[in-house]
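Consider the two complexes below, in which chain A is the common component and chain B and chain C are the respective partners.
This part shows the complex of A and B:
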């Protein structure tokens, strides 16, 4: 009985803490539903008196969010595909062997993981403009994001491959499989979940990417939603309900995916980041 | 040729093939820019010489000019305040939460995971939300602080030079706390439980157990997390772009934002590259610390 009360008290406390922590998110949703005058009321209302659902449709129309989100999607899909195609093999090799070369490779990958995008964007921008890559700005951003995020992906997926017993692969080789056959038929299916979760994490990051897009994409018709949100927020704006509606439309799909896959994402993240 | 093909099918050629493309890609897209960056920091780069590789070398002139600028030292100091403030806040709150959720109760792990939404949200969205919360006249944070009697007048978080840097720090602490908490939870759950049972039998109280068991056992995790925190904090750009844009009058500017501003606002690519080189050397140092502190865990 006391065990049960203890659990209940702890759970109540935990929900309270989570509620405090997630308050900014709540505030975003609530502000998006407020009318222009209610937004600036003092004291502020913590529950909208008359929720205005129209705001979402209006902002979608007036800010042309369809185009922004489509660009975000193109960039995120491109970057995730490129990273997955290149990164999986690299992670596999780095997980399978233990020698000096693998240690050096791992060290280099870890070092590349830490380079801040806002510092790397200067040489990448100058180099890309000299090579003419900037004529295809979304492609340039995809390549830059891939170079930035691939190390993180490799570290996460490597942890997954470490958990695949090597005996299974060796058995397949003894049975006459080629290396390619054993990799595709045995190792990849066993590591599928980890690869998927890591790819989703990379996708989320790329979907919200800002520095490279802001610096390299000049034409508004090719910009992603992060840049769109940034240009929506002028220095003296007072359209906060519209801005929050923009942010809501942008972030809700990501949050939905995260809440659905939360357990897997958290365990995938923790297995790779520290171990 | 057949030897190569069969090695790819059955031998180490397969591994080399798998690893050559990604590492080659990384070298082209991260290694070369790194070198190019260092080269540019010794060159004179302007809008006219941007398209050519043959630019005049000027030695250390960019570095000398940079440190002769009046805003350089304040911005470096801001970076220090930002890094220390963010890491301290993220770590302490994250550690507190991790200790709380360490007590096992139904729903603990699910609720704990929910905190990570702050980490998966796009940085620009986090910045936009905090920009509105921290607003001077109508911000909800000022309202809550006023109602609880902590402040008497509104704080203009974004436009008051005394507070603008802290506005970004607050948002960054919120953003990073969850990540710290999750990683610290992993470290906590790796401590064997019988240590605590033994200490309890010996009559150690909760405070003593924390200082003599939890903290020493967590040493390598804490080292790794602080190094990671340093790396992530120095990568933070989106919040500056979304909340203060480094202003007013550089009072909330930090090196990683300033480098971008110099390159893409003032088109002074050489100066941008110069700051980048200085900061990258610094970040590399932090990452060596990080790699070293996770090393024995990497080797498992």
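This part shows the complex of A and C:
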């Protein structure tokens, strides 16, 4: 087989696979645009005959989506900030000091990553309710997400710090800076991309978080969009177009951010090429 | 003599590993000192201890008269050039140069003036706006040097600064660094594993092995009177020949063992029968007509660079011989070799010390 046909076959395969992966997304978008009767037509139509854009405005109004999204945003920003502030220092220490205790620490950090949220939620719930943190349910969720996602962040950012040669820091020390000064002036700027990308990934995770929010936030006025979407769906649901409109409004901003930043994200994850 | 850097009884342990053993070293103000030794002997460790990047386990370390054992790097007022150059990749050349000044709170305009001045003397003026990744290896090296000289530190510390350059540039930079040192009247400590660099650049050479200072002194003193077999073999290129030998029965000669015994009158007393290692530098051997020469040996290999010819003899042990010019011999021939008995270095077999 010549190089050229080979490439074409591979391309066709890639397009096919991408199509399979993206089909649910496509279905979400077109279902949101369909009218009530078209939704249940057999065979299903792959393109809405008369797109109904009104659905979005109606859903936004009737489900009070502004409030849900605001709550999602508060939780995501809170969790990302907490993780970034605590995680950067932690990752730096784990990157620079090598001994048995650090290895044990790293192992424990990885262990935490293995535990699923649905397993952790009960002990966290009990603990938080004893401490009274549940009186501030969004804060409780922020702390729980931070605890859950911190290992992921620390491990990504640690790799970024390890890519910054230690000699640069030493040069800064000899040049007259303090350890903290060298960290802020030299290490942080060089690790910035990696930290930023890791923070964005954490943000996207937290924006879609469901398990903790569902179990810890009782009041609907404090619930994030993931819980709102879930409570939209009942056993007898038939407003699929409205649900899909909700989902569209929820995920499109995240998708947009991801597409806009995807080049940076990919290069950030493979960074380290300083020279 | 004013000691700019003074180490007394310095030891450094990395966990169980004893990296520096009882180092006593005094470095004169304004001198250029080279630390040489094979890989892993502790040169970098010693240099980093001077900079404060490693803390010493015991002993005292003084810079300009002040005890520095616990002083952090930024308060030691030394400048260091790293082997990898360690230029800050996110800063331009100018920002790299002025970094140490800005950290110390010098106003930006003043710092820029200083950078322009240094850049002029090191030929970097046209590169000030570039980033390190946009420079060639040689240019990066210059930036690293310039970054060190922009402030006037108490000492310059160099850790193999030339090892990433090609041979021609290395020879050139050797002279340039030495000239810079003289012009600034600085005190420099220069780590290298290349003994030629050490010999050509330094006022004083310190030879290290396995965390110990084997010998220190002026370059030619080390060449003429190596204190032990290790220094003798390390200084000089190609390396010194070592020949097993014994003290002769007459008490003033040595019997070399090059396959068959060969007695050489050295002109000073040698204990009869004493086991020795005799050192003889390749450049101290000359060709002579075989019938009149001290040694008559077959030649195994002849290599010529045009200016010099390197012979290897087919004896046990092999002897390396350097002669000027072409030599006019070929492998397989038998040649006569001569040398001055005074050029022999005698070492005790067990202690390897000079006799």
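One rule holds in what follows: the second predicted complex is superposed on the first by the 252 of 275 C-alpha atoms of A that agree within 3 Å, B and C clash if a C-alpha of one lies under 4 Å from a C-alpha of the other, contacts with A are read in each partner's own complex, and residues count from 1 in each chain.
The rule is simple: a residue touches a chain if its C-beta (ideal position, glycine included) is under 8 Å from a C-beta of that chain, and two chains touch if they have at least 3 such contacts.
Since the structure is predicted, the reported quantities are computational estimates derived from the model, not experimental observations.
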| item | value |
| --- | --- |
| First, second, both or neither for A:165, with chain B first and chain C second | second |
| Partner chain in contact with A:260 - chain B first, chain C second, else both or neither | neither |
| Chain B versus chain C as contact partner of A:189, first or second or both or neither | second |
| Winner by number of chain A residues touched, once chain B and chain C are compared | B |
| Contacts of A:90 with chain B and chain C, given as first, second, both or neither | first |
| Partner chain(s) touched by A:174 [first = chain B, second = chain C, both, neither] | second |
| Partner chain in contact with A:49 - chain B first, chain C second, else both or neither | neither |
| Overlapping contact positions on chain A, where the chain C interface meets the chain B interface | 178, 274-275 |
| Residue numbers on chain B that touch chain A, as the complex places them | 8-11, 14-15, 17-19, 21-23, 25-26, 29-34, 36-37, 40, 45, 50-53, 97, 100-101, 103, 105-118, 120-126, 128-133, 135, 137-138, 140, 143, 147, 174, 177-178, 182-183, 185-187, 221, 224, 228, 231, 234-235, 237-238, 241-242, 245, 256-257, 259-260, 263-264, 269, 272-273, 275-276, 279-280, 283-284, 286-287, 290-291, 294, 297-298, 300 |
| Chain C-facing residues of chain A, complex | 165, 167-168, 170-178, 181, 185-186, 189-190, 274-275 |
| Sites on chain A touched by chain B in the complex | 6-7, 10-11, 13-15, 17-18, 21-22, 24-25, 27-28, 31, 39-40, 42-44, 86-87, 89-90, 92-94, 96-97, 105-127, 129-130, 143-144, 146-148, 150-151, 154, 162, 178-180, 183, 201, 204, 207-211, 214-215, 225-226, 229-230, 233, 235, 240, 243-244, 246-247, 250-251, 254-255, 258-259, 262-263, 265-266, 269-270, 273-275 |
| Complex contact set, residues of chain C against chain A | 48, 51-53, 72-74, 76, 78-80, 82, 84, 86, 88-90, 99-100, 103-104, 133, 147, 157 |
